[in-house]
Amino acid sequence: MVKPLASPNAGHLKVEGLTVSVGGPGPTLLEDVSFDLPPGNRLALLGTSGSGKSVTASALLRLLRPPLVVTSGRVLVDDVDLYGLDGRSMREHRGRSLFMIFQSPGTALNPCTNILTQVRRAAERREPSRAAALTIAAQALDAVGLNLRQGLQFPFELSGGMQQRVLVAMALALEPRVLLADEPTTGLDSLAQREVLRALEVMLERTGASLLFITHDLRAANVLCRNAMVLDRGRLVAKGPLSDFLTGQHGPAAHALARSAAEADR
Amino acid sequence: MKRRTFLKAGLVASSAAANCVRTDREAPKGTLRVGAGSDRYNTAPGRFTLTTSRPNAHVGEPPARPNNRFEARPWLFESWTHEGEGAYVAHLRPGVLFHDGTAFTADTFITSARQFIATRDFIGLDPASLRRVDDGSVRFRSKTGSALMVDNMTHPSACLFLPRDQAGRKPIGTGPYRMVRYEPQRVLEVERFDGYWGGQSKQPRVMYRFLADPQTRLLALRASEVDIVSDVVPEMLLSIEKNDPGVTVLRSRPIRYAALFCNLHGAPPFHTLRDLRVRRALALAIDREALARVMYMGQAVPARGVLPGWMFNLGDEFPRGFGMDTAQATRLLDDAGWTRGADGMRARDGQRLRLRMVSAFPNASSVKPMPEMLAQMFSTIGVATEIVEVEDEQVYYSAYADRGQADLFLELAGNANADPTFLLYNAFHTATPWPSYRFHAPGAEVDARLDAARHGTVREEIVAHVREAHRLIVDKHVAVVPLLSVPAFVLTRPGVAINMFENVDWIDFGDATIGA
Amino acid sequence: MRGRLGRRLLWTLTTIALMSMVAFLLVAIAPGDPVVAELRFMGVPATPNTVEALRREFDLDAPLPVRYARWIVRLSRLDLGESIASGRPVAAELARALPWTLQLAFVSLVMIVALSLSTGLAAALHPYGRLTTFLRGLTIMAISIPVYWLALAAVGLGAVVLGWSTVVSDASLGGLLLPAFILSLAPGLAIGRVVRQRVIDERLEDHVRLAVALGRSPAQILIQDVGVVIGPSLVTMWATTFGYLLGGAVVVERIFDRPGLGNLALHAIAARDYPVLQAYLLCAGVAFVLVNAAADLLSAWLDPRLRRSRVDD
Amino acid sequence: MIKTQALPPNPSLIWGLRLAALLLLVALLSPSLTPHDAYAINLDRRLEAPSFEYPFGTDRLGRCVLSRTVLGTRASLGLALLASAGATVAALALSVVAVFGGRSGDRAVRLLIDVFISFPSLVLALAFVGIAGPSAFAAVTAIVWAWWPSEARVMRSLLDSARHRNFVDAAFLAGVHPVRVVVRHILPQVGPALAVRTSLEMSSVIVALSTLSFLGLGLQPPHPEWGTMLNEAWPFVGTAPHLLFGPGLALIASVLAFNLIAEGLRVRVDSRQLQEW
């Protein structure tokens, strides 16, 4: 029997008028993006590639790289505006209140450290003592279906799917209040996708974190989320239950997404 | 002396800028410290030079030493007579002891001479001819029948030691100093030998520190870590100001020559100087006063020959040498058919008058910037000069000098031997053992003079032949164009006095006095 | 790992064999002749038969391949021959010079590592800050100013003006710091530039962004995420520099009066002292090869991607 | 779509190119830029401190140091560029053989590098003089001979990593001619890193050229050259420090120019910048 992790303390993510442009006066990549993710809820952020999904994810975590810069807007986690914090306190929030799983499994893990150590370092954000962190890490790996032997291996010795699940295990060990998942299933075969989604499901159950699922794959989004919003050329163009998008309402961008999801099914 | 600000010194952190003399590093009681050049001692039996040359630590002593006219004066030989055809009888100085107490007698001299003099083939001692006449006198013969063998024994490599197998490690000599310690490339330490026949030296201990880099030697002197710098290269003089408080420059009478050796027998394209008129024109185009002003802290003097007048009592009526007479030089070149082109440079049937000057023996930096000054002087009479500067002695010889691959060879050298014929024979005789000098041998007329000198028996007669050979070489054949006569230099800390001598190898630094 | 070790050993042996051939050849074709050089230095003209006798004594008259074969045979008996210029066995000359060079090499290595890491990491922490521009200016100055000057300026300032150090070297550790610093300044700063570049490139990698996303401290990230990955490649760079240092730093040894291998080599070149020069080139070469081989093995061992890989070296 | 925005301002590249252009201009026009005749010896004006008439003062023969520095630009930069370019081209050729020549090619080149890399450049230059005899051009070849192993070693590893990028494999698979692949895909990756290395080597090449005068190689007097001027200026550092100023400044300026260009190139190719910690 696996002991449930800490009590759910899901965070409330509110994004108000987020605008990102290239080097201030330059062209805008995101324009006035606002949405609300109540604690414990799951929301999908849909959009074709180039619509600004990843920029949004990076912006939420203040990981935008120059020359991209946030020109206006606020990102609130439990009513704390992340863009108002200094470096040190922002560091406190990263991981604990807001965490992100990257898309590219191959390069997202430290190539020279074994998996268990990397997950343990994530656990240490929550449990400073090394021994306790180690058990949390082992449990997290087990929760995502990875045994101890795999834990002692290095990233280059694991498949893409397994590496993605390691990231989920990190999130599990970390117990963030809000989890951002940036295209976690893209580029994986369907079997690996299912394993990753199931791992995410386990993680969300255990930690009760709220989820922002960023993808262009409606089907994968449908597995975890009920509601979704569509991003097209940097603007939110539609919000509502996921099923509507599947049936093609809500305008051209949503329709294009629905069609690509349909083709994937054939 | 302008007060050098500390910052400037710190900023430039130069040697000369730092003129605050450090006194807290005085010599440990009673040890004189001499900064010598790099350690090139050789301890192999056949080529033994430990403690004898550069620097000469006066552990061993030669049969005779040069006096202030570079004539052999008695040393371990109290007297000697040449009985003709190279046969000699010599009377040893009595009361001479080796450092381990062994007496210096005929027998010890014979065994020692066999090992330390017979192996020097330029002296030409026949080892088999060494005979004991009585306890204090010996008989020996020269292989070549030379009357000047004892004069050649004034060379440092003729120093005598007790012939024991481990001579290489700790030579036992008869000199004023006994060897204490030798650490290759770092230090040679000697202490006073109280049983010395010539009385006590002033300094109880002398330490020769081998400092390879010239600038480091100078800095060691300024930092009072050495009292004397014995190995002075011209480049060091540039870092010393006229009245520099940190360094005293001691100079001897002019002894070394800076001269241009002409290629008399060059194969094309280096055959231009076969023509005497061109050689003479070059000699007349040189402003030696200007060279003297720029070079060697202005301490050198215009030279008339390659041997100084005071040496061997040659006197002053030796070669007239050449003054500066560009008009005569121009006439000579016109006679030789080298007509001036539009740009003022001369050519003859399509061939530009262009000479290659290789600088230098012993290295380029010891004569810099004479080549550039000479090139400008030659250009005023229409002669173009290609300068090749070589620092490495082996490349100078093997790539250029030994194969006559240039028209003019710039040299800074000098005679250090009491044998009057030594320099002229080796530099200008067609049978010279040094391959590079074959190109400067005027020929039969000079050979005859030099042979006559070598076979002469009476010293005045020998010197007369040398004087005439010297005149023929310089004035008549212009085989060499003398430029400057350069003194030998020694640097000391202020207040250190030594008795200077032209050949630094024969300066007894042990007799130095350290002032207040 | 064992396969790699075996292959590496074979590779090192072939390199050393070829190196001995090249060393012998380079010295033989250099202009000038050791015997004539030695006699000329003594200022005594030598008759041809003396020159011939000495050439035979030093085995210089045989044809090149024969001389090389004899040299190798003697080498196999660890007999390096006798120096022409000093008359002492070559092995003794090298043994006397080695400690001077080793001391200087090790202390300089430590300073190079410290200098390169500190300037590299400092520049990487704030890549576009004032400190980085200052360090880059310093690097350019250090690289453009010849070592001969730096050394003389240091001796002039240190010993003559301030009196902290001495011009004449003593075997103390203190006397080692100034020359080692001068020796390590240019390579240290140059490698610092490379460290900065490698750290910045690594920080651009996704796994470092993940570490930042985890909220871990910059110090932890620098060491555990960036350092661990770029560490092995830096080891190879330091090793190569150390390999050169083992050959002896000619200029610094001359000016700081440290009779090490560099000084010995310079004398051997000036006097064309073949036995010493050949032995020096071979030993310096072997040291360089061994140091680099060790570095390759160490960095391969440090980097799990290479350690576990089956790919041939 | 996002408008293609002009490249981010690249100060190092701009200043580097400006400085290099200035140096090139000075090199090309040097005969007419010199305030005085660089060869004219004037014994009455020896070792004068910098003045309005002689901005960098005069040397030990009374010649204008500024004119000699200007005239020396063509010799020093020319020879240095020739030498480092030669070394780079030789290293590139061998690296291409190593990376594309299959296992035996790679082994042979790496063996060659390992054998020659530890030999001091002075010994290599000396042996070179033994074969070809001293000549002005010999200095450049001696530098190339002494420099190529270390250059080749770096270039081989750069080329090797560039070669194994997947878009390079893709180009090969698409049947693109190997030479085009090297030029279009591999060199742009390797270029900036090489430019940085060459710029750092520039000063040691210039200094090495002057030390080769030890063997009579390189440019001979009276033609001015920065390295030789620096060597001759050194003994005067206490009595006439201004002699160092001309050639020293010129040497540092040229190294700075190459360095800025190299840094600018690197940023231009890879303009990713870092996020905060």
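Should a chain be cited, it is by its letter among A, B, C and D, assigned in written order, with residues numbered from 1 in that chain.
Note that in this section a contact is a pair of C-beta atoms (placed from the backbone, for glycine too) under 8 Å apart; a residue touches a chain by one contact, two chains touch by 3 or more.
All of these numbers come straight from a predicted model, not from anything done at the bench.
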Centroid-based (C-alpha) most distant chain relative to chain C: A
Which pair, B-C or B-D, has more C-beta contacts? B-C
Based on mean C-alpha positions, which chain is nearest the centroid of every protein C-alpha shown? C
Chain B and chain C: spacing of chain centres that average the CA atoms, whole Å: 38
Can you give the whole-Å distance between the Cα centres of chain B and chain D? 42
Taking each chain's centre as its mean C-alpha position, how far apart are chain A and chain D in Å? 50
Give, as an integer number of Å, the spacing between the C-alpha centres of chain D and chain C. 22
Junction residues of chain B - those touching two or more other chains: 12, 14-15, 17-18, 215, 392, 395, 399
Chain D: positions in contact with at least two other chains: 126, 129, 234, 237, 272, 274-275, 277
Sequence positions of chain C contacting 2 or more other chains: 30-31, 152, 209, 212, 269
Can you give me every chain pair that touches, using the contact definition above? A-C, A-D, B-C, B-D, C-D
Contact footprint of chain D on chain B as seen in their complex: 12, 14-18, 215, 235-236, 238-239, 241, 290, 293-294, 358, 364, 368-369, 371-373, 375-376, 386-392, 395-396, 399-400
Contacts from chain D onto chain C in the complex sit at residues 111, 114-120, 122-124, 126-127, 129-131, 196, 200, 203-204, 207, 230, 234, 237, 248, 251-252, 255-256, 259, 263, 266, 272, 274-275, 277
Going by the contact rule set out above, which residues of chain A touch chain D in the complex? 22-23, 26-27, 29, 50, 58, 62-67, 87, 91
Chain C to chain D touching residues, read off their complex: 11, 14-15, 18-19, 22-23, 25-27, 29-31, 127, 136, 140-141, 143-146, 148-149, 152, 190, 193, 197, 200, 203-204, 209, 212, 218, 221, 243-244, 247, 250, 265, 269, 277, 281, 284-285, 288-289, 292
What part of chain C is in contact with chain A in the complex they form? 205-207, 209-217, 220, 224-225, 228-229, 303-305, 308
